[in-house]
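Shared between the two complexes below is chain A, which pairs with chain B and chain C, respectively.
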Partner chain A sequence: MTASTSSVAAVATRPTNRRGWRARLILWRVPLSILALCLLPWVLPSMALATNVLIYGLLAVGYNLLFGYTGLLSFGHAAFFGAGAYVTGIAIAQFGASWYAALALGVVAGGLLAFVIGILSIRTRGIYFSMVTLALSQLVYYTALQAASWTGGENGLRGFTVGQLDLFGWTVDFLDPVTKYYVLMVFAAAALWFVSRILNSPFGAVIEAIRENETRARACGYHVERSKLIAFTLSGLICALAGTLLALHLAIVPLDILHYQTSGMIVMMTLLGGAGSFFGPFVGALAFLLMEDVVSLWTSHWQIVVGTVFILFVLFLPKGIWGTALAWEARR
Partner chain B sequence: MMDAELIAMQLFSGIALGAILIMVALGLSIIFGMLGVVNFAHGALFMVGAYAGLWVASLTGSFWWGLLVAPLAVGIFGMAIEYLLIRPLYGRSVDDPLLLTFGLGYVLVEAVRIVFGSDGIPFQTPPQLAGVADLGIGFFPIYRLFVIAVVALLLLLLWLVLEKTKFGLIVRAGAQDPQIMRVLGVDISRVWLLVFGLGVGLTALGGVLAAPMRNVNPEMGSLVLAEAFVVTVIGGMGSLVGAIVAGLLVGVAISMTALFAPEMATIVMFALMALVLLVRPQGLFGKPGRA
Partner chain C sequence: MKSRTGIPSASRRDVLAGFATGTAVIAMPWVARAQAETIRIGFPTPLTGPFAAEAKDQVKSAELAVKLVNDRGGVAGRKVELLVRDDKLNAGEAATRTLELIEKDKVHAIVGALSSAVQLAVNEVTRARGVIYVSISQSDTINEVKDFSRFTFHEALNPHMTTAAVAKQTFKPGTKVAYLVADYAYGHEMLRGFKRAQAALGAVSVGEILHPFGAADYSTFMPRLRSMRPDILCICNFGRDQANAIKQAVDFGMNRQAQIVVPVLLNNQRLAIGAEAFEGVIGGANYYWRLEETIPSAKAFNDAFKAANGGAYPTDYGAYGFTGVSALLLAMEKAGGPDTDKVIAALEALTYDVAKGPQHYRKCDHQSVQSVLVLKSKKKADMKNEADLFEILAIEPGSEAALRSCTELGFPA
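The block that comes next holds the complex of A and B.
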């Protein structure tokens, strides 16, 4: 467009340009995310914080697939996160599995658990769904607590430090924090690409239709229950992957990650960032963990601050940081 | 060989445990039936009730004042929650009050940690209720008998209020159709305020009653919340009879499993819930439309 274009034409084309900006953002969302993740360790104050943002961000992305895009508020995703972590740890500690086998096992186990819990909880709707997912994940928590010979019970699972990764003759030093971060990032990036593909697929449109109007989606002939179950399982798979990455990173699995407080933390991160947006969960995980990091400098009771901020978000900014920014940008 | 006396005793502690669960689940169910809100801070408020009871009891030197004052005070606190935090969310997605109350529970647990410390505090059984009573079929702790009696009395009172008073009539009608109640000139938002306070007061009472049977600690509410959810799902959301039957069922199931297979005791109620979900997703006493 030349500079001589009349102002009328400029006004007329403005919305299209802006829509174009949005479309480009969606088109480039995976490369942009990966770029941001690459830069993360050099922007944040510590490597440990960056690794946590990576893992919990991925966890929130997995959760967002169900909460943000399918519209199902699960309070039980700690179960899949924990299952991924525990199965990976147990495979290495008790069976001497290689790290990639342990990782695959963790993801598959978490996905299977999500499938089973999904079958039960999808029979219920609305508010019931949140309660049932919470109760079923507590069942997993108490089972892990009782099966102490496998899981280490209250002390958590220990003794599976992965010092180096061997793959196709290559050896990577996994104790170096920077190397570790970028290895974990490869998996997170693959998962992000996977989630983006799901959202771009016809199936992605179906789950959003269910979120918007379940009755109408059913009337259109879509198999609502089956779509919900698939979304639940896929979401569980991503969360399980985040769990396996956490286990490899920490080399211990604390029992607390199965508790519903962890599920609540996932919900908080997703909502803080913006449920139903692609970048929101990472923004939320970053905001949550940064808040924890900063407030911990002042008081060990950081949860009271984070909880209050969360309440204020529910009241005044239910779209979250990223969602509100997008809405504000669209209105401008 | 298990003898009958041991089984009777365990059955009895199951009923006492069930009585506490009924208090919590009933509060949850009343609030949901009326306001359509699932209170995720319910477990935390149970814990706050126990601490409030402990605090009042240590101030006055009497358990009875704690039992009387704490539920009232926490109930009034509950009304403040409804007025300030939940009221702005009516008309928005049903998930919003749920998210908000979850955040509130998070804050309450941490606030109690700041005021009372993170460690558990033992709560003495009042001396008048210590010891055991011989009921002919075995010896039972007097305190648990007392808990069952208080809950039974309260249920009777609640039934009378709901069935025989004008307030009860408004509550029952409001649960059916709040819009019509407004048209009839009833200030429904005031009823909601009272109902939320009542529900929170019931769980706080449960907390005070449970305190002498277990340690008081900031995390005590999280197990209770899960238990209350299980009870409401089994009984049917919004059904008061359901909450009572399912509360007793879960209490007895837990204590009987504790006798025969202790490691399964915390797990059995979830198995019961899964079974109910498979066979009757709306719960034993729930209306099919709601599930």
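The block that comes next holds the complex of A and C.
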């Protein structure tokens, strides 16, 4: 269904002029995405909101790798997001690690957790897969709640504010919102390039094949379970990176980050923007957070507005904002 | 461009003078605004979520405090503006909103929050950026040296002083106490406070049961609590949890067997559930409107609040919004403006009486030293009007001796 928006193979069947346009868009999708992210802070009402869009957009991109491209609906991605954030925070607060070491540790820890949860959950499929990932992520939530001496428990993890970053002898003020945004954006941009590279690789074609028809992919000789596990782990890695960036941005790790509502929010953002499209998750995160930010200034019943918009999208525009825009452009 | 001759008589000097005047006229409002720039105070509070009722009272009272100051001509001639933001009872959201208030709205100070986790998040953000924060939510953690910020002042009571005052009125030597505790920071801190007071007063604990935050059903806990045969059932939870737990305890007849005691007797929950279930329940409070019978500042606060809100009485958590914002504005007035260091010095030196008698901030941890009220919920027949919910059993006067000592909190002696 969404293959036309992502894979080069599907584009080859289009008329020449459209093909040229779409092929160029796909070829340039990483630079174009980065350009959009560069401009983002100057069009949004605040830098804090822009940084959140960046982080949650990256989170949704990571999730989209699994949900949009591999076709697995996970309800447990808050665990990897939270693991990245907590490990980064703990590394700085308890062990005095430098920010880049803490960041690397957070990503690796989130990836490992994704690998373990992946092994346990990809044996199941459909609704059972969603339930198993949800249950396992709730285990992570309660672990963080109980291990209060490490995580701060209910009060959240605090005491690791990074005021200045030293970038190989060059010190920048990390409390300055503009500097902070662009430093974090470098990591998001690298992750975007990484995801794009995965999707363009033969492995990218395999996971899309699994999404389209698992039995046929198996019949073609692909190791479906292993491919799913790799996709799950890679997705967890990207989400963990988003978590480490959030920890650096907010300088706290709230316990709510591991709550199943966060997992639900990731699904909502991805669906809203367009599952299975490269830039869609960013659009979804932008739309969701912007609605929340603007509408909650205006009424305390903002959830009704956001919920209604979400329902309308699921009913009438199941491809999401970006997915629909791409499909509309292709039909023209 | 309608005539080719243009304006023949305009010399270069005239043009320059004209430009200069024009620039000055355009710049005027900026210059004027820079002189009388409004003082902006950020107010993050959970307008959505389970504590929304308390949060709305906080906003109303904080707005009243700002209005009263503006009616008097503002702070050092500058108007004050309150920027209310919904923190959704979520620490991450609160941190984002606080960043927004500081970076985009350029607020001069922050007041607010209504949960331990949220206020600690706001505290972390303001501490790193050197912005004054007046916290109006109960917490023991924020007093401790690890989370101390010289920019943060804790206006609310803390669990230690609340439980000490309530226990002093209810616990006797040999009293058997059973605890039903919400399993999160608030419940744990209240339990710790009560157990400390219990040891000092010679009461004994006959058991404690933890319940999950936001539980709706307490029926499975009640037979266990009954079998402990306590003299006092101490229910340590907040918001709707308190209402649900008390209602079900009364359904099980626990109020006939034991005195029900809560750390904080919540005005809004008593209103929501009604006089029957709450009858005879004893708990602490920072404020109750009937203080007006003995304290003139309470009378003034009540009258102003009623005038602004169609005759409604201020509530306990609402009063925090009023006292917190008022103390900050008083200090800004003393400091002659919002300059951070001067305002901190003014707050540390301030003794204020805005609603409940004299208060001041302790030097070492910036905890507001203030009276604690111990209230008992009235029978319906004894209520003189709709808002006459409680009788005041005791007013524990504010004293630094009622707080944990500075050295215990980890501050250098």
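Note that the second predicted complex is superposed on the first by the 317 of 332 C-alpha atoms of A that agree within 3 Å, B and C clash if a C-alpha of one lies under 4 Å from a C-alpha of the other, contacts with A are read in each partner's own complex, and residues count from 1 in each chain.
Here, a residue touches a chain if its C-beta (ideal position, glycine included) is under 8 Å from a C-beta of that chain, and two chains touch if they have at least 3 such contacts.
Keep in mind the model is a prediction, meaning the values are calculated, not measured.
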Combined model on chain A where chain B meets chain C, clash or fit: clash
Partner with the higher number of touched chain A residues, chain C or chain B: B
Which superposed partner A:126 touches (first chain B, second chain C, both, neither): first
Partner chain(s) touched by A:138 [first = chain B, second = chain C, both, neither]: first
Touched partner set for A:47, first chain B, second chain C, both or neither: second
Touching partner for A:21 - first (chain B), second (chain C), both, neither: neither
Which of chain B and chain C A:271 touches, first, second, both or neither: first
Partner chain in contact with A:95 - chain B first, chain C second, else both or neither: neither
First (chain B), second (chain C), both or neither touched by A:303: both
Partner chain in contact with A:328 - chain B first, chain C second, else both or neither: neither
Residues of chain A that lie at the interface with chain B and also at the interface with chain C: 301, 303
Residues of chain A touching chain C in the complex: 45-49, 52, 153-156, 158-159, 161, 163, 175, 177, 246, 250-252, 254-257, 296-297, 300-303
In the complex, chain B residues that touch chain A: 32, 36, 38, 40, 85, 88-89, 92, 94-96, 98-100, 102-104, 106-107, 109-111, 113-114, 222, 225-226, 229-230, 232-233, 237, 263-264, 266-267, 270-271, 273-274, 277-278, 281, 290-291
Touching residues (chain side chain A, partner chain B) in the complex: 73, 75, 120-121, 123-128, 130-132, 134-136, 138-139, 142-143, 145-146, 259-261, 264, 267-268, 271, 301, 303-304, 306-308, 310-311, 314-315, 318
Chain C residues touching chain A - in the complex, by the definition given at the top: 47-48, 52, 85-86, 88, 90-92, 95-97, 99-100, 103-104, 116-117, 120-121, 123-125, 127-129, 141, 146-147, 184-185
